[in-house]
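Read from first to last, the chains carry the letters A, B, C, D, E, F, G and H; within each, the first residue is number 1.
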């Protein structure tokens, strides 16, 4: 037993959640694919809401250097939250000390009851995802912005790997969208970079 | 245990067997119905041959003054045999000391291999059923002739009961056939009566 | 008629008798193993080989010998 | 127009706009809770109450108030 | 036209789950208008089938039972035989009625069962993601005909309304569309007639709606609605039987 | 006419189990004559269906597989798709093809599957003891229509050959009878054509035989054969589609 | 006054029982060996104002049943093995929709088309998986015409009581044999369906009968409700036993096979052998407790299960006994039916002479 | 050279496995959650000279399979619960006719239409009664994309080997989740069908493939042959176990549920709890012996069975154990799926602290 516990394993459990149209499943799939290229064991589990069309949806992505047994996890270490219902549903499930990236354009602290208790012992990073996405002229690419931010924070894989995964995901037909997606990714990445260095500076 | 064995129960196990067109199932059903009217517990189990049309068929009729469990019996006490295949199939299954009424018009002793061993300890009564039936101008009613003979031998029920059962079986549509059937029944009955009294005389 | 009558196949339906244009065929008194009355050629000399009996017989009773023995 | 626009029902399909013979309707910049752009009467005065918007709207957005409140 | 701008009484206020520009909900409204106008809400039983419209009961305010995929006509037969006094309709997709359900559907028609079928023909399986259906036009690409429907492989589109026109038990067989205001109005008249015939126990009544499925046709709502005009070239509108 | 008095090569010598005067066996013989004349015995696969003819394989000397009741056309589709070089036929009763099998049958026709159907229409379920079938004439008594077929209860007889005539995928649809010598000969010609069309991959080929069932019609063989004439008034003989 | 006694086939007894149970509608498709049921229904129902309709297939028949049940009528269908398989999607829906009906399966010997002689090869299908997705129904296995009549009638009441289909599982022996039936009037309860049946939304909100629940919590709740209902059905458990003390061997069988076994057991008992007999009449829910209690209280050492299949019910017996006693499975692959004499021999073989001296 | 790794859904892995296994024909009817299988097949098969055909129903699909199998091609179909029920007559025929094929069931939560989330509610149907009349087939329950790929490919070989259908039983979790799949070439044997397939009676007597046997002795013989074949299939039994000694509690689960359980078990073991794990990979034949041996050899005291249904596989576990150990059934009625954390809690609850001190 002691042997097993000594070696700190590297395992990222991430839930992405938002509206149907916010690219939740795309970004989850993308990070899993990039994770695989990076050499992780990965799993990606999409869950569609009860509505056939529209509605909320979420997905669970696991990246680990060990075999992954369950693709489901109740208490993820990371959350990427795109809208309010997702915030309310998943923040309670975030691990103690876990980190949530939250879309501050659609989730307003004022609208959340018992915010303090809800988020006690949890790190919340508020990101204006819609604003970023609109700033680069890609209002739908907030998912990639979030991914940029997340990868800056976790350092999961280098950009080449992401590009490889993105290419694969877009396929021939949608390849022209590569640059735009990349731009969004970089936007998120750089914003967090700037934020972090601002922290270091201050 | 001894109590049970003391009271001799009345139980008749009869198998009728012949070609499809020989009225095997009709006569089996009829005797079961008459038996019921007479107050017996009865069961009637038809078995159609593997052929859909034509072919041989047989049925098992049980009449008993006790509850009948199995409607199937391997070793019947009585057989009514209308043709050769039936003879070969069922004689081996006849109980030791059991009685078989055999249609001598279609079953010829010469055609039977090992006749002696086959019929050892079994009573065979040879009846010219086709001849009797033709004699009364009802070539198809050999089944009723056989029933008359059988009832004369076993004394299962009086003629009124048979008439009641026959009426029921024929239904409204075929009621006109009642007299003819009865005639055949009586023919069999009387032939055996005559035969028995001839025995007594000699 | 030069054909064989495969008596064991006959089921006594009477279609051949009905359709034979020359009224060659009748039921005999004999029965086959299946128990059916067998058809017979009452007037073979009248037969014109038209083949109608073959055409109408549901049991393929009327055949050239060599075709059955194949 | 004397009818109520049940904005929450609108899915922004644009059929009403297309078929309105008087070109009364346009998309507004507002979005409803479902996230769809809501239709608005840009020129209510031009409306002739023909009912075509009601007929073509798959979401029953255009209705008389009393009929919905029933 | 009294119905204009009236939210039908027998339509529930729930928001529809259908995609933007889908004709299913428009047809729901027509059905409710007809039920209201005939005043039959309280003696009507509907059968919801399996397809995009499986949640029919969330919208139409009459007694409704769900039937397994393709079996709506048999369930309706059971209902109508048991309770001939009720007015009974089925609401079925082209896949439900004409693929898995073809046997049930045609036998009901042939027996002249006295209920009304609303068949929503969007030429593919909406609910399961756009696979080929018996009514998919030749050459149309679907998720299971990636190169387009080839008659040598997937057969020919079935013309159900025409086929039913030849059945003795059928009292009314018609194909309508709802892709312009005039057609909406006449579709409603045909549907009303179907219920009237049912009330008079005239026979099987069948109304086929050509219906837009923007999502699986991969079109915007407007183009999809326009495209229905194109479909009428393959599936002509009209009444193929009307025993009057 | 070379076939006259020739016991067909592809007919086994086993005695038929059919009732006296049943047309099933006559049609078996015709089928074998056609197989012999076309010389296709060695590349033919037959599908036996469930009905009085379920023992087809005891008589016809070609490779045969049994299909569940009503599914012969689907099984044939599987065979023909997998091995288009084989000649494939189904042999089905009216109950098998048109009652439980209607969906399978019509979809195969609509897809234009390239096999041949022999449909033996004796207007009822022979094997199970004479129940009503989709092709039972009005007023005919059967074991489940004790008062005769009433169209208000049991619906109208289906005219399958006519119906198939309207299907695009169908190359040949015809109804024949074998109740007199001329008809026997022309039935054979039609059946031969069906196999020829199949060989040329022209489409679905369907030959419906009006067939006597003396036992369940409660007639002697001769009357039953004559009664087929009467049936032709309801089910006219002829070719309803022939793409030539 | 004495009730009328008639000599009928098992399948006729089923039809008569259905009429006694208040059956109003029948939908079915012919299949041997149960064609007498539709044939009788086609004669008897219309004059009583009921409905008889021969469907074009088993799939349509079961869905006609679904429709008629949804509007509150007492309805039944009957078929045999292949037809029952075709109905299994429908069964699952009926269970999910909580719609009562009576289903008769007069089994034939499978798999495939098989043969038309007696078989018990559909035991598992009936009790473990009548359809997909965890659905269950009450299954009765009558073993005499009288029981077939009474259980079929009762089945209509219980179907309504539980709002669930009930199956009568029979076979060709019971189906085709004739024996006397006392046509006694049974007190079958009418159960009001006003609370749920679809009759037009008059003076009440419209009703919905559905099985689609895309919300997983809702579906799970529903499945729990159904599960509890199946558990409640344990109240209906019926069985017959013959073991008053001292038996060391217990014969277990159901349906026709139980008749043949009973004959053998009675014969052996008459000869002094200590052989008991247990016959489950409900196959689902299975009389597990009763069987276990019997075996443990009587200290029975060997349990022999006879079936006309490749070994199915023996699993429920094993699950009941949980290791108690020595379990022996005697299965007769369809359709060779053993005679009572054969069974006597088999039972005797199992009697280890030292354990079971002949008295 | 390293094999290609791709990130795929379970259902895609099944389709890729089928292609690797030599699948030549696919017939099926759409149903969620497995539509990716026909969609992939419609793209992949025709260019390889194979056949893809969307049938008009599940009943026709399974009978197209029957036809294609009879002429000797490797053929498959896929569906989900209600569609599988509709195929059950066809399954019974395929078994009776001894025709090989591969059937995929990506279960949804029933009964009826139910929901599209993960469920294991069709366990009984798959292993006890895929159709009427005693028929059985090999059932594999993969729990990862890799296993789905490999078992599906292998299924084609085993189907041909036993001339019997083989089922891949999966669910929406495995079906819809993506994980890396190593596309390794598998050595799937081609098995000659020249001895029985229908290819035209050239230079040999005509062949008949049939299931109707009206002679009861003939039918019984045939059923015995089939029974022996099922027994032979025990050679194919596969399972995974994790219990090297000292475990006092054994967790048993299959398919997706086994993944969730494994996570819980690994976590508990890491924390020092003595918990073992057993996962049947073949559900029929069930690894009864292996399970019993494990329990008896390790002196395991408690066995917990986790399932996403109302309690089905627990019966096979009970039948394996015959009373050994304390059996605990933890069933989750579809479709609320527990998290590994929930299971950890459940397992701990079962650990009686005195028996199982935390080390």
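Basically, a contact is a pair of C-beta atoms (placed from the backbone, for glycine too) under 8 Å apart; a residue touches a chain by one contact, two chains touch by 3 or more.
Treat the numbers as computed from the prediction; the structure is a model and nothing was measured.
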Relative to chain H, chain with the most remote C-alpha centre: C
Maximum centroid distance from chain E, chain identifier (CA atoms): B
Chain pair, F-G or F-H, that carries the greater number of C-beta contacts: F-H
Distance from the mean Cα position of chain G to that of chain B, given in whole angstrom: 35
CA centroid of chain A to CA centroid of chain D, Å: 38
Junction residues of chain G, two or more chains touched: 53, 56-57, 59, 82, 89, 93, 97, 112-113, 117, 210-212, 214-216, 337
Residues of chain B touching at least two other chains: 51-52, 54
Where chain D touches two or more other chains at once, by residue number: 34
Contact set on chain F toward chain H in their complex: 41-45, 47-48, 50, 54-55, 57, 60-68, 71, 74-83, 86, 103-104, 107
Residues of chain D that touch chain E when the two form their complex: 3, 8-9, 11-15, 18-19, 34, 36, 51-52, 54-60, 62-64, 67-68, 70
Chain E to chain H touching residues, read off their complex: 50, 54, 66, 68-70, 99-100, 102, 125, 127-129, 131-132, 134, 143-146, 153-154
Interfacial residue positions of chain E with respect to chain D in the complex: 1, 4-9, 11, 13, 15-16, 18-26, 29, 180-181, 184-185, 214, 220-222, 225
Complex contacts: residues of chain G adjacent to chain B: 5, 7, 117, 173, 176-180, 259-260, 262-264, 266, 269-272, 337, 339-342, 359
